[in-house]
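In what comes next, chain A is part of two complexes: it sits with chain B in the first one and with chain C in the second one.
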Partner chain A sequence: MVHKIENQYKEILNQYMQRQSEQNLYVGQNFSRQLISENISPEEVISVHKAAMQEIYKDLPEVVWHSFDFLVEMMINYGLALQERQSLLQRQEEIRVEMDLAANVQETLLKTKLPTLDGLDIGLLSIPARKMNGDYIYFISDAEGHAGIAVADVIGKGLPAALCMSMVKFGMDSLNHSPANPSEVLGVINRVVEKSIDDSMFVSMFYGRYDAVSAQMTYGSAGHEPAILYRAKTNDFSELYAKGLLLGVSPAATYEEHTVQLEENDMVIMMTDGVTEGRTDQGFIEREVIFKMIEEKKDEPAQVIVQYVYDALERMQNAVLSDDFTLVIYKKV
Partner chain B sequence: MNIQVELEETNNTLTGFIRGEIDAHTAPVLREKLEMHHHKEGLNAVLDLSDVDYMDSTGLGVFVAFYKSVNAKGGHVKLKGLSTRLKRLFDITGLGEIMDIESVGKGGN
Partner chain C sequence: MSNQSSVEILTEWDIVAARQLGRNVAKELGFGTVDQARITTAISELARNIYLYAGQGRIEIQQLMENGIKGILIIAADQGPGIPDIRKVMEDGFSTSGGLGAGLPGVKRLMDEFKIETIPGEGTDIRATKWLR
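Moving on, here comes the complex of A and B:
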């Protein structure tokens, strides 16, 4: 193998020495790529070069051969740096595979079932900015016509945020009781989160409980981006604000809840700050811009609307969304 | 890394100016600098955010962590010079209620 490389190198070098053409250089370049792929170190290349030179030009002065020996020494650390880079690349690949696996686990772990209720059309889109999603949606529904929804956002990203989210999910599982009041739900999850996570990690969460029989939505918020109410009759948008502190800051926090009556074609739009904190070169994307998008598609099914908003926002930000994006629409039909 | 953090501590009073953007990239810089002070007993911290152009929830997390550790040691944190946008962030998250914040233009609390 080494012998073969030596011969090839000598031949290419010899050709170049005779003609010094671009074509010869090009052959050399390609050959060097082959050397890299075969893990030949820089110092080995110089040794090969020296051996080739000794065969072609036997009579060069001793100083030339000494200089090559010196150069070999000079290159040894470059060779080590190269090896290090290769092992880093390999490790990076291993981490990538692990992250993919973790993202799959997260997806399975956090799976939730979209409720189907008469008179309620649900649109839902949740897209992580990186592999792991720091946003979370959880539905609790029953046969009596309740469709509870939690929209949560962990402050912090990546793996730690995803682990924290599992905790919220298990908290929700433990009170799997559809008619529960938002203020109760948020209070329980707050205590779970407060006990378990470190000081710089917090969760914001919106909890809404829709009752299909009365078409009423009762909601509470733990420091979450307010949901938006769209009134079809008057064609206007308003915030559904409910006082409440982020989850995990204080065990004593209490949560307000309010109720709105939905009429036909009214919508409750729930989201995370990945939707509202978008920026373009011109500055922030104002919420009115998003309202306008929704208004344009107000007669479409909820899923069409959320997809439309996502596509438009992605386009405005040159296909780079820097935060996890979650948008849910409950549309009374 | 578009952030500048200037902190000066004299007689248990920490005065700080923060400029630029506080997001997932710059928040660790801010956190590290604040953590050099948060262990002091009875620290009185006043941080001026009037030149903060942008802050996301990661930045919020840094201030809450700082607030919690200073509070636990009997100290006080005040944030001042908040723009309307920043003020909204503190209000929505309910932090405006428990932290001492002062927005631009309103003067007092």
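Moving on, here comes the complex of A and C:
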């Protein structure tokens, strides 16, 4: 094979030496691509070049041949760098496959069942910025018409955030089937997070519990992006703020809870900061911009609104998500 | 057939002497220019490691003959501190990222066979072989 390459190279070189045309160079470049695909190292190319020159121009002075030997020596480390690059690319591919698997495991692990309640229309979307999601949505529902929802966000993203989120999930699992108050839920998860997660990791979480019978939403927040209340009657937006420390900061933290009465077509919009901290070249995307999007689609089903907001924000940011994106809408119908 | 000779590595100039020895033997065995350059680069790398990390040691060059195939064996031995995390130094990108040169993965690539034994506090023994094809 080496012999074949030597002959081809000599032929192409000879053509170039006679005419020095652009076409000869083009042929040479194509040939170099073939050399790379056959893992021919730069030092070998020089050696092939020298051999070809020796055949075509036997009578060149000795110094020319010496110079090629010197060039071979110079190229050895370039050849090694090339091989190293190839092996690192392979390693990168292995890591990519591993991350895909991990993302699948996470998806299964964090699966949650969307509650179906009369008079409540739910829309939700959670899109990770990288492979693994550091945002989390969890529903707790029961036969008495309660639909609890946790929206959590680990400070940070990617693999560490995803691992951290499994702890929140196990904490929530221990609460399942009990329609607990937001302040209790946040208190329990706070202690789980505080005990089991690295000191540098913090989690913010919103917990809301909707009661289908009274159409009331009771909510609490652990340092989370405030939920937004949309009043259909007056067509305005307001924040649902509740005081509370981030999860994992102090085991003694306590969490406020408040209740709002929902009327027909009112919406509670819950999100992570990936929604509100989207950036364009002009700076942060104003909340009012998002409110306007929701208002435009207010008569659509909740899932349509959520998808519309996501699509619009993604377009504004040229399809680059800088943070995990999670948006949930509870719409009283 | 086994024919050996060695160079003590004490100063940076001994690295050159080790390269020279390796090149002479490689040439004598019939290795081409490219393989000669690879063999001497491997020797350079191993001798530099001795000079930089162990302070002193020895590069030994042996001619081999197995099943009618000729080969060259480089032995780099020192009584230095040894390598505490061998997996790390054998990893791609560990030494090259700091601009330290080809590193041990590079030596492994340049040669056909590579063996390393290292005991923390006692020293390191590296054997690298290249066969004439």
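The criterion applied here is as follows: the second predicted complex is superposed on the first by the 332 of 333 C-alpha atoms of A that agree within 3 Å, B and C clash if a C-alpha of one lies under 4 Å from a C-alpha of the other, contacts with A are read in each partner's own complex, and residues count from 1 in each chain.
The rule is simple: contacts are C-beta pairs under 8 Å (C-beta built on N, C-alpha and C of every residue); 3 or more make two chains touch, one makes a residue touch a chain.
What you see is a predicted model; the values in this text were computed from it and never measured.
Novice: Both complexes share chain A, so when I overlay them there, do chain B and chain C fit or clash?
Specialist: Aligned on chain A, chain B and chain C fit with no clash.
Novice: After the superposition, just quote the angle formed at chain A by chain B and chain C, using C-alpha centres and rounding to the nearest 10°.
Specialist: An angle of 90 degrees, rounded.
Novice: With the two complexes superposed on chain A, say which partner A:204 touches: chain B (first), chain C (second), both, or neither.
Specialist: In the superposition, A:204 contacts chain B only.
Novice: By the touch definition at the top of the document, which applies to A:17: first (chain B), second (chain C), both, or neither?
Specialist: After superposition on chain A, A:17 lies in contact with neither partner.
Novice: Is the number of chain A residues in contact higher for chain B or for chain C?
Specialist: Per-residue touch count on chain A favours B.
Novice: Identify the partner contact of A:224: answer first if only chain B is touched, second if only chain C is, both if each is, neither if none is.
Specialist: first
Novice: Once the structures are superposed on A, label A:76 by its partner contacts, choosing first (chain B), second (chain C), both or neither.
Specialist: The answer is second: A:76 touches chain C but not chain B.
Novice: Between chain B and chain C, what is the tightest CA to CA spacing in Å in the combined model?
Specialist: 20
Novice: Mind sorting out which residues of chain A both chain B and chain C touch, each in its own complex?
Specialist: Shared contact residues on chain A: none.
Novice: Within the complex, which stretch of chain C touches chain A?
Specialist: Residues in contact with chain A: 32-34, 37-38, 40-41, 92-93, 96, 101-102, 105-106, 109-110.
Novice: Show me the residue ranges of chain B that touch chain A in the complex, using the header's touch definition.
Specialist: Within the complex, chain B contacts chain A at residues 24, 31, 54, 56-58, 60-62, 64-65, 68-69, 85, 92-95, 97-98.
Novice: Using the touch rule from the top, collect the residues of chain A that touch chain B in their complex.
Specialist: Chain A residues touching chain B: 153, 155-157, 199-202, 204, 222-226, 243-246, 249-250, 253, 273, 277, 279, 284, 322-323.
Novice: Could you please specify the touching residues of chain A with respect to chain C in the complex?
Specialist: 43-44, 47, 50, 69, 72-73, 76-77, 80-81, 83-84, 87-88, 91
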